[in-house]
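Below: a set of structures, written as structure tokens.
Two complexes, one shared chain (chain A), two partners (chain B, chain C).
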Partner chain A sequence: MGTILKEYKYTPAKIVHGYSGKSLYINLSDLRIEEKVVTEFMKEKFTGGKGFDLWYLWNAVTPETRWNSPENEIVMSVGPLGGITQYSGTGKTLVASISPLTDIPIDSNAGGYFGPLLKFSGWDAFEIQGKAEKDIIIFIDGNNGLIEIKEAEEYPEDSHVLAEQLTREYAEDEDDMVNVSVVSSGSAAKHSLMGLLNFSFYDPRRKTVRFKQAARGGLGTILRDKKIKALVVKYKGITPNLNNAADLATINKVGVKYHKQMHDLDSKQNKMRQIGTANTVMIMSQYDLLPTRNFQTGGDPEVVKIAPEVFINEWLTQGLHDGCWYGCTMACAKCADHFLLTSGPYAGERVTVDGPEYECVAGLGANLGIFDPQAILEENFYCDTYGIDLISYATTVAFIMECYEREQIGPDHTGGLELRFGNASASLELMHQMSRGEGFGKLAGLGIRKLKKIFVEEFGADADLLEDIGMEVKGLEYAEYAHKESLAQQGGFALATKGPQHDEAWLIFMDMVNKQIPTFEDKANALYYFPMFRTWFGLVGLCKLPWNDIVPSDNYKTSEPAKVPEHVQNYVDIFNAVTGEDIDKDDLILQSERVYQFQRVFSVRMGKGERKDDYPPYRSLGPVSAEEYLSRKELYDKQLRDFQGLDPEKMSLDEKIAKLRAYREDQYEQLMDAVYRRRGWTMNGIPTPERLKEIGMDLPMLLEVVEPKQ
Partner chain B sequence: MKVLTHKQELCTGCLDCEVACSQTYFKTSDRTYSAIRIIENNKTYRARKCTQCGECINMCTANAIYRDRNGVVRIDKKKCVGCLGCVGYCSELVMFYADDQEVPFKCIACNVCSKACPTGALEVLVSQVKEI
Partner chain C sequence: MIKVNTEDYPWHSGMTVRNLLDEKLFTFRHIIVRINGKYVPEEDYEHFTIRDGDDVIVLHLIAGG
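Up next, the complex of A and B:
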């Protein structure tokens, strides 16, 4: 099915110590396919994965490039450790592009089989530039060294149908289906700016295609703007050492030790094998961290209805393997099998719902005031198959619902949709509208930053209020953690390079619960180390979860339990064993910082990486409304007394809110100063040439951007 | 279901079983290639070998482990990707691996070791219970 527009034959490069040494470049405007050499310079400065993505992206774009410019690229890379089968979480593909939500580089990562199969097909990285005239599919056959670009007008758009069809089309038989992986988005991606990428893997036990998502920042929107319906890779013959690791014995030893920990400890710790990341929902609510009704509060008595036990006992299949790449014994990719859909174009069909992840239960559940597991799973399914980032969707709709409840917008604006907290059917209808590109759903797909402007300028909403309650920074919507009482996490979100995603830093327990980082310097050190350390997963192709979602039983006895030293050493050992290099844990941070600073300078180059871009909405820092203040009145009153020497008994509620706000905003300013110093930035947030030199990144292209801003 | 059993009171710790196993499957007398391991504890001997419990079947990350028609848990070498998840995950610590082998190995109740046992301590029994 579909006319072949271009065919390209190549000799798949042999992988040596984790690298094939080749990257694939496709330009869809002129159907050009080229091979590039991965240089020693790239390996030294950028390691791989997200590092390679950002390097290629920098060279492809100019400061004027926007998400839909033809020269914008989607770049993906799995990293040198990607595809090893002996350790958990080794199948991550890192994707980068210029985001439609932020206009700066976005990076997002996904499990699923695509990245490892791409590397085993001979490609360390894959750049896609230009735009096709009509919908196309790109197929990479790694066994036969063949790339095809073919027309795809007649293929369906929604991922659960499209990926299933393509997997069956390209596999020779049932046993061959595990060798095919598809990247696709869905019908809502072309009508919104929050489109995601689904990365498939075939589940031979359930005999169905399943997905993990590179969700953040609108990558699916870019995919569809380039008229790509799907990317398909096929590689048959996964064996234990396709990476040709320098020292397989060490990888085996470290891997078996880790698998044993998983066997012995997971059921006593996080139950990742039973419920996945959604295990934390009740804990988050208990600690006032579960964002509820647009981050107004951090929990709700109704949360018991969407507690982990509810999903384990009533919805999620237990006891079957759920890993999204070979060798992952954490197996957290849970799913609800035979789920009956009740709305939308697939109503009445039974489907497999991948998830729910924590972000789904927190975002599509509590943050929308929806405490109904069935509704959450249906929202989860449609977000995925329509290609919508459920984090941006949930945070945006939470904002819309609060605007509706506070009468900043009304039914005249929403086309009659009663977008109040708790209205699951309205949320689902909004999603279906987004898929059809109709009505208020199409508007919602623009994301909070653009909606604020429209609500104020066209609907007459209160600009100050919307600035305070619209949970976005740099144009990206917040991930689903309430964090008013953790100054460090306020920085963790708002100072994150690409926007407020928690994959840079999650410091709430260290900061708020365990009180391990009390001073500004302590917090700044944490906001140096953890973003750097977490960046490293994205350079090498690994998942973060196996690092600290299970910890050795004696971890609490170590000097720095939050770092999980034994697991950090595992990563050092595995990196050396695959690549043959000799790094230590400090070199690991250096590898990360090179790419971290590069990305910050890249953002500056694109016009958004300065102090002014690092401010959160006040809802992140403290109580905006009277109801929020009153919900934790004792705590806030005590803080006025203890930290500001005020007597709350003699103050009006408005005065108390204003004084607390002034204090907290000042605290945040001081945090920014401390973090900027620690990261080697000017007080305006620009990396200094001296710092770039110290880490070996004083490249002329970077100095050209930062020097005029010193 | 076929399962290898071991009578501690008859075992002398001669390790003939281990050699028989590693010789049969890997042509070596190196006991680290044996799917049965005799563990000494104060002149008594315990055998570590697969109980055919099947805990590894559903956890296998490549869907490569299955129970054959005799109830014996086996690894499909064509599907196994050598992740060693089953090695770490086996409660009985009886899934083994060697660095020069692409896939792990385990006792398949083949009778080679029991035939080699000079005291009759080892025996493959056929249980009426289909699955544990």
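Up next, the complex of A and C:
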């Protein structure tokens, strides 16, 4: 099905020490396909994965490029460790582009088979530039060295249908289906700015296609703007050493040690193999960290209805190995099988729902005031198949619901949808509207930053209130953690380069509960180390979860248990064993910082990435409303007494809210100063030439951006 | 009065580690307890008695999310 528009034959490069040494470039405007050499410079400065993505992206765009400019690229890379099968979490694909939500580089990552199969097909990275005239599919046959671009007007859009069809089409038979992986989005991606990418893998036990998502920042929107319906890769012949590692014995040894920990400890620790990341929902609520009703509070008595045990006992299939790449014993990609849909175009069908992940239960559940596991799973399914980033969706709808309840918008604006907290059917209808590009759902797909402007300018809403309660920074919606009481995490979100996603730093326990980082300098050190360390996963193609969602039983004896030193050493050992390099744990941080600072300068180059862009909405820092203050009255009154020397008994509620706000906003300013100093930035948030030189990144292209701003 | 993670916390006679964890709603699984610098194994939580003035550290071992 579909006319072939272009064919390109190539000789798949042999992978040596984790790198094929080649990257693939496709321009859809003129159907040009080229091979590029991955240089030693790229490996030294950018390592791989997200580093390669950002390097190629920098060279493709100008400061004037926007998400839908033809020259914007989608770049993906798996990293030098990607695809090894001896350790957990080694199948991540890193994707970068200029985001429609933020206008700066976004990076997002996903499991699934696409990235490793792409590398084993001979490509360390894959750039897609330009725009096709009609819907197309790009197919990469890694065994036969063939790339095809073909018309795809007749293929469906929604991922669960499209990926199933393509997997069957490109596989020779049932056994061959595991060798095919599809990247796709869905019908809502072309009508919203929060489209995601689904990365497929075929599950032979369930005989169905499963998905992991590179969800953040609108990558699916860009995919559809380029008129790409799907990317398909096929590679048959996965064996344990396709990376041709320099020292396979060490990888095996480290892997065996790790898998034993997983076997012995997971059931006593996070139960990742039973429930996946959603294991923390009740814990987050008990620690006042579960975002509830647009981050107003940190938990709710009703959360027991969506507790992990509910999903384990009533919804999620147990006892199957749910890894999203070979060799992962964490196997946390849980799913609800034979789930009966009750709304939308697929109502009445039984489907497999991938998830729910923690972000799904927290975002589509608690943050919308929806404490109904069935409704959460249905929202989960439709977000995925329609190609909607559920984090941006959930945080946006939470904002809309609060605006509705505070009468900033009404049914006249929403087309009659009663978008109040707890109304699951209204949320689902909004999602269906988004997929059809209709009504208020289409508007919601613009995300919070644009909605604030529309609500104020066209609907007459209160601008100050909306600035306070709209949970976005840089244009990206917050991930699903309540964090008002952790100054470090306020910075962890708002100072994150791409926007408030928690993959840079999650410091709430260290800061709020353990009180391990009391000073600004302590917090700044944490906001240096953890973002740098966690960046590294994205450079090499690894999943972060195996690092600290299981820890060695004697981890507590170490001097810095939060860092999980044994697992850090595992990563050092594996990196050296695959690549033949000789790095230590400090070199690992250096590799990361080179890319981290590069991305910050990239943001500056695109017009963001300065101090003005690092401010959170006040709801991130403290209580906006009387109800929020009263929900933690004892704590806030104590802080007024202890930190400001005030007597709350003699103050009105409005005075207390105002005084606390002044204090907390000042604390955040001081945190920014400390973090900027620690990261080697000016007080305006610009990396200094001196710091760039120290880490070997004083490249002329970067200095040209930062020097005028010193 | 005792210290829990550097902050004052009311002490009562017979308070065990388990009592303290329950009172503080410290339900996270990855925690370790040190009292006056000495590690308290999990199997001792039920009967290990905290004394008035003790310095209790309850470390939640995750920087994840």
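Here, the second predicted complex is superposed on the first by the 710 of 710 C-alpha atoms of A that agree within 3 Å, B and C clash if a C-alpha of one lies under 4 Å from a C-alpha of the other, contacts with A are read in each partner's own complex, and residues count from 1 in each chain.
The rule is simple: a contact is a pair of C-beta atoms (placed from the backbone, for glycine too) under 8 Å apart; a residue touches a chain by one contact, two chains touch by 3 or more.
Just so it is clear, the structure is predicted and the values come from calculations on it, not from any experiment.
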Return fit or clash for chain B versus chain C, each positioned on chain A through the superposition. fit
Just to be sure I read the superposition right, which of the two partners does A:H502 touch: chain B = first, chain C = second, or both, or neither? second
Looking at the overlay, what does A:P561 touch: chain B (first), chain C (second), both, or neither? second
Chain B versus chain C as contact partner of A:A463, first or second or both or neither: neither
Could you say whether A:A662 touches chain B, chain C, both of them, or neither, answering first, second, both or neither? neither
After superposition on the shared chain, which partner residues are touched by A:M510: those of chain B (first), chain C (second), both, or neither? second
Considering only the touch criterion stated at the top, classify A:A347 as touching first (chain B), second (chain C), both, or neither. neither
Degrees between the directions from chain A toward chain B and toward chain C, using C-alpha centres, nearest 10: 70
Look at A:N548 in the shared chain and tell me whether it touches chain B only, chain C only, both, or neither; answer first, second, both or neither. second
Between chain B and chain C, whom does A:Q286 touch in the aligned arrangement: first, second, both, or neither? second
Counting only touches as set out at the top, which of chain B and chain C does A:Y481 meet: first, second, both, neither? second
For the superposed arrangement, tell me the lowest C-alpha distance between chain B and chain C in Å. 21
Common interface residues of chain A - those touching chain B in one complex and chain C in the other: none
Can you name the residues of chain A that touch chain B in the complex? 85-86, 204-205, 238-241, 248-249, 252, 255-263, 319-321, 323, 326-329, 331
Chain C-touching residues of chain A, taken from the complex the two chains share: 268-270, 282-283, 286-287, 481, 502, 505-510, 513-516, 518, 526, 530, 544-545, 547-549, 551, 555-557, 561-563
State the interface residues of chain B toward chain A in the complex, per the touch definition above. 58-63, 81-85, 87-91, 97, 99, 102-103
Under the touch definition given earlier, write down the residues of chain C that touch chain A in their complex. 5-7, 25-30, 32, 39, 57-65
